[in-house]
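Have a look at these structures, which come just after this line.
In the two assemblies presented below, chain A is common to both, partnered first by chain B and then by chain C.
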Partner chain A sequence: MNTLASIDRRILGRWAFSGAAGLTLGFILLPLFFVTWLAFFRQEIPAFPPDGYSLKWFWAIAKHDKFVQGFWLSLQVAIAAMVIGLALGVPAALCLARYRFFGREPLSSLLLLPLVVPGIVLGTSIYVFHVELTIATELPVIGSLAGLVAGHVLVVIPWCVRLVAASLAGVDRSVEEAAQSLGATPPVTFFRITLPTIRPGIVAAALFGFVVSFGNLEMTLFLVGVGRTTLPIAILQYLEWRIDPTIAAVSVLQILLIGAAMAVTDRFVKLSRVV
Partner chain B sequence: MSASATDDSLASLAAREARGGRLSTAGFLIGPATVFVTIGLLVPILILFRYSLNDFKPGLLMVDALTIKQYVLFFTDPYFLAAFWRTLRVAIMVTAICLVVAFPLAYKLARTQSRYKNVLIMLVVLPLFVGNAVRAAGWMTAFGNKGFVNVSLQWLGLIDEPIRIMYTEFAVVVGIVAVNLPYVVLTLQSVIEGIDRVVEEAAFSLGADPLTMARRVLWPLALPGFAAGAIFCFILTMNAYATPVLLGGPQFVMMGPLVYVQFAVKSNWPFGAAVSFVLMTATLLLTAAANLMVLRRYRN
Partner chain C sequence: MAGLRLEHLSKSFGATVAVRDVTLDVGDGEFLVLLGPSGCGKTTTLRMIAGFIAPTAGRVHLGGREITALPPWKRNAGIVFQSYALFPHLTVAENVAFGLEMRKLSKAEIAPKVAEALRLVRLDHLGERLPRQLSGGQQQRVALARALAIRPDVLLLDEPLSNLDAKLRETVRIEIRELQRQLGITTVMVTHDQEEALIMADRLVVMSEGEVKQVGTQRELYEQPANRFVAGFVGRSNFLAGTMVSPGRFETRGGVAISCAAGLTGPAVIALRPERLALGSAAGGLENHMQGTVELVSYLGASVDVHVRVSPADRIVVTQPNRVDARTPEEGERIDVGWPKGAAVVFPDDGTHAGA
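Entry: the complex of A and B
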């Protein structure tokens, strides 16, 4: 009797625990669910229950220049920041994973610092830096595209260093040594042995870099110039004014784009192993 | 003998040269990124600190000076102090809620054998990547006067009039909890995954019930992970921008929006810089304190 009751309690406890896990997952996804629902409303006012459903808001996006331009700018900046970030971050990760030298730990912390410094502080400091640069060089640095990309490179670098260094730590060095003892020069060893083995790490770094840059809001607020908006800022400014199915449709497109990028990456490297 | 000594010194010379070569390769590899982060981040933070010591005169904007006036202003003005304490209060609430709510999901994700594990992880990561503004839009849909929550509550007969949810602390806390949960879940999950299943089973076979096992085995082992998750969550909340602006409205001022308004709307760079510095220092100090506390307990 007693044991039966305790088994019952244990099963009940397990169900409650799984239920709690499911509720948390549901809660995380809830805002995406609501915004998707709103995108298909027929009427413009976000009142429940909806009068009916329609796809018209998706066609209306093309008429909003701010979203279209913001999307292209975000795309360009994210691609540029990802490429430059990889070019700087992958060699640095290689160095941190393969060489032991004085000052290695502080250097590694320095490269991860942009991840720790809050986005608002990052934005304000880079902004005043641009002010000083503009005064010193008399070049229009404030609000320039180059300044924006440079800021984004800064937030991409830590992800590249972290993900590539993590995947380098899992590489068996004896394979590289075997290649070198068979006469391969260091560059050949790198391109034929090391690079293929850390490819998942580099793909993950590219994806994370792209997504972190594409979605960056706080730092970017301080770096966009007059008449230049990225997609997240365009969405934020619209939402400060109103919420309607148009902005919901834009949000759905962003969800789809990011979801697609993740699904593609998942084919190269299992997300559960790199996140 | 002398020949072998020469060989030795030659060998050591070659070794030193090789080491020198390796070091210069290392410098060549890490140099560009280091220079970029130093010029792009450390120098700007120094300039920001210098700006925060300047004076501000309406009409003249920033005036060169060396004064702690801006910091004094921040810590004596009730409006700014209220924003500071409000931010701290929200950060503590959000962190506590996140840790409790994240644990079951993190544990399930860490221990599941399901072949859909990857899909589940993607579902956790997707909202994280979609961005804060989009998620705030979701809550705005739900929280409005004719939003899902109010309409449902009225339909159930629990309330007669729509209650105000938008532009309250409740809305901001719910919004930020949802924003931070994926980070906390993933941090906890990776730590729990690193704990061998065997120790849990050992506890069970010695007669511990799940609660005892969690308290006596899992909790001490996962403590560093909880600390890391809590710190991350705390930093994110202290510096939240989009969620307080959209769900809290103009009256619910937190530190992040405060800095932006001082810079972009009021053009008060010295004060904005000072607030920015207070924010960064508070964040770093509190995380360092939390780190120390956990480390000390962990060592005992």
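Entry: the complex of A and C
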């Protein structure tokens, strides 16, 4: 009796788990599915069922300058933010993981803060900061490309620090000590042993940094200058006037780009192992 | 090759004293084992020799040269860690070559040395594998080959066998021992496993709570333990607490009178090796013999442990070899226990180890 009941409970538990997992997955995939479907509708005003299918909205993207320029700007900003974010985040993660120093815990929390602060708040405060900075230094900080990239670096850093620190935590200290006992100085140890060992974490950090920057809208709204539009902002502006499936087509391309980046990354490192 | 000398070496971490005033000489080519319970400061001592931690006080000399202030990469010490610590992204051959590359040897010089080191540990066929493609025992041998390839002045082993399963451990410890003899390399190994220590060492250092309790050969530690800790840690001992009433006369708390060879008087503890005691008729002619009751018999295969109560406060374990013709005593039986005077070692009772 008892064992039967426990087997029942186990089967029930497994079903509940599968059910919950399926629901969650559906919840995530459903919008992606509809967006992709919508991108191929023929008519201008989306309605179900569609009149027919067409690829014309994908051509419409290329004709719309705002999208093309926005894409290039987003790409440039995301790459710059990713590179700078890594250059700052990797050493920061190293210090946090390796050294015990005064104020380590608060610093560690501080570096993750941009994740928790809402984008609007972040954008507003950086904007105010830029205004003050422009007044104080008389440099053209407001709406500058440098200001935009700096803002994006801020949202990229938490990801770099977190992912690199996580992969550093998996590195056995004695591996580095072994290298030193064999004659490697600390810099040689870092470049020949530590860095290759945490490469998966760095690759993942680069990917996530890129994706987070590329898709950022709220904060970016406050930081772009005249005539400088990132892709998410171009999409928003387009939506203010029209709701034809061009937007869906742009989204599909964006999903494909990010999906491809993840697939390529996954070939080098198993993402599921680092994140 | 070179001898190693530790002089009054101490290390404190904040308020904890991990190592206290350790002075040791390791001869050229000697295999020295630091033995002690976990937390007694063995690893800390080894890490000070390797240069990973700076001693709070004291000096380290290697090959007649003081190296206390040298960083690890200038010490020429080969180390094998408990976790093996192989470089996960390099092949076996690249792992072994690493130390030679650091010594700025040319590719042409490195290749034969790597092959030689791998041959020593019988892994010459696995040079192209990555560490994760090897078994634990093979990884352990790569770690050894990597440490030996640089021809270190001293080889340091920190519990190198504790991640291997019991069967493998038995063969590997003989292999390491023979390799060390063959190369004549000065070696310091750390372990908490006394069997491992006894099998591998030329000489042992028994440590407890950061201090060296005794240094000596296996025989010296076993036959002449310097203190109660060593008597209990190396091999087994029966401890009977009591008083030396006069030189040569001991009386247990339970009132059993024992004659022994010690000259001291006052509170004392007497230590008796279980296998040095005789039971039944064999006990008859010995200097100490008394009657007791068998309370427990444990059958261990090669031997039998007989627990005999000789007074309300004193129980003695006697180990008997399990011979074909031997009669195993029964629980509840009255039996004679005896031992010659020289079988007992007496320590003054400093009140530290309460209970036997």
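What we mean here is this: the second predicted complex is superposed on the first by the 256 of 275 C-alpha atoms of A that agree within 3 Å, B and C clash if a C-alpha of one lies under 4 Å from a C-alpha of the other, contacts with A are read in each partner's own complex, and residues count from 1 in each chain.
The rule we apply is simple: a residue touches a chain if its C-beta (ideal position, glycine included) is under 8 Å from a C-beta of that chain, and two chains touch if they have at least 3 such contacts.
The structure presented is a predicted model; accordingly, all values stated were derived computationally and were not measured.
Superimposing the complexes on chain A yields a three-chain arrangement in which chain B and chain C fit side by side. Partner contacting the larger number of chain A residues, of chain B and chain C: B.
Once the two complexes are laid over each other on the shared chain, residue contacts for A:18 go to chain B alone; chain C is not touched. Judged by the touch definition given at the top, the superposed model places A:179 against chain C, while chain B stays out of reach.
Of the two partner chains, neither chain B nor chain C is touched by A:146. Touch criterion met: A:48 reaches chain B, while chain C stays clear of it. Of the two partner chains, neither chain B nor chain C is touched by A:264. By the touch criterion defined above, A:188 lies against chain C but remains apart from chain B after alignment on the C-alpha atoms of chain A. When the shared chain is aligned, chain B comes close enough to touch A:218, but chain C does not. By the document's definition of touching, of the two partners only chain B reaches A:254; chain C does not.
In the superposed three-chain arrangement, the CA centre of chain A forms the vertex of an angle with the CA centres of chain B and chain C, and that angle is 90 degrees when rounded to a multiple of 10. Taking every C-alpha of chain B against every C-alpha of chain C after the fit on chain A, the minimum distance is 5 Å.
Within the complex formed with chain A, the chain C residues making contact are 50-52, 71-79, 81, 83, 85-89, 98-99, 102-103, 143, 146-147, 150. Against chain B, the residues of chain A that register as touching in their complex are 10, 13-14, 17-18, 20-21, 24-25, 27-35, 37-38, 45-49, 88-89, 91-92, 94-96, 98-99, 101, 107, 110-111, 113-114, 116-122, 124-129, 131-132, 150-151, 153-154, 157, 161, 211, 215, 217-218, 221-222, 232, 235-236, 239-240, 243, 247-248, 251, 254-255, 258-259, 262-263, 266, 270-272, 275. The touching residues of chain A, when paired with chain C in their complex, are 172, 174-175, 177-185, 188, 192-193, 196-197, 199. Put simply, chain B touches chain A in their complex at residues 22-23, 25-26, 28-30, 32-34, 36-38, 40-45, 47-48, 51, 101-102, 104-105, 107-109, 117-118, 120-127, 129-142, 144, 146-148, 151-152, 175, 177-178, 181-182, 185-186, 190, 209-210, 235, 238-239, 241-242, 245-246, 255-256, 259-260, 263-264, 269, 272-273, 276-277, 279-280, 283.
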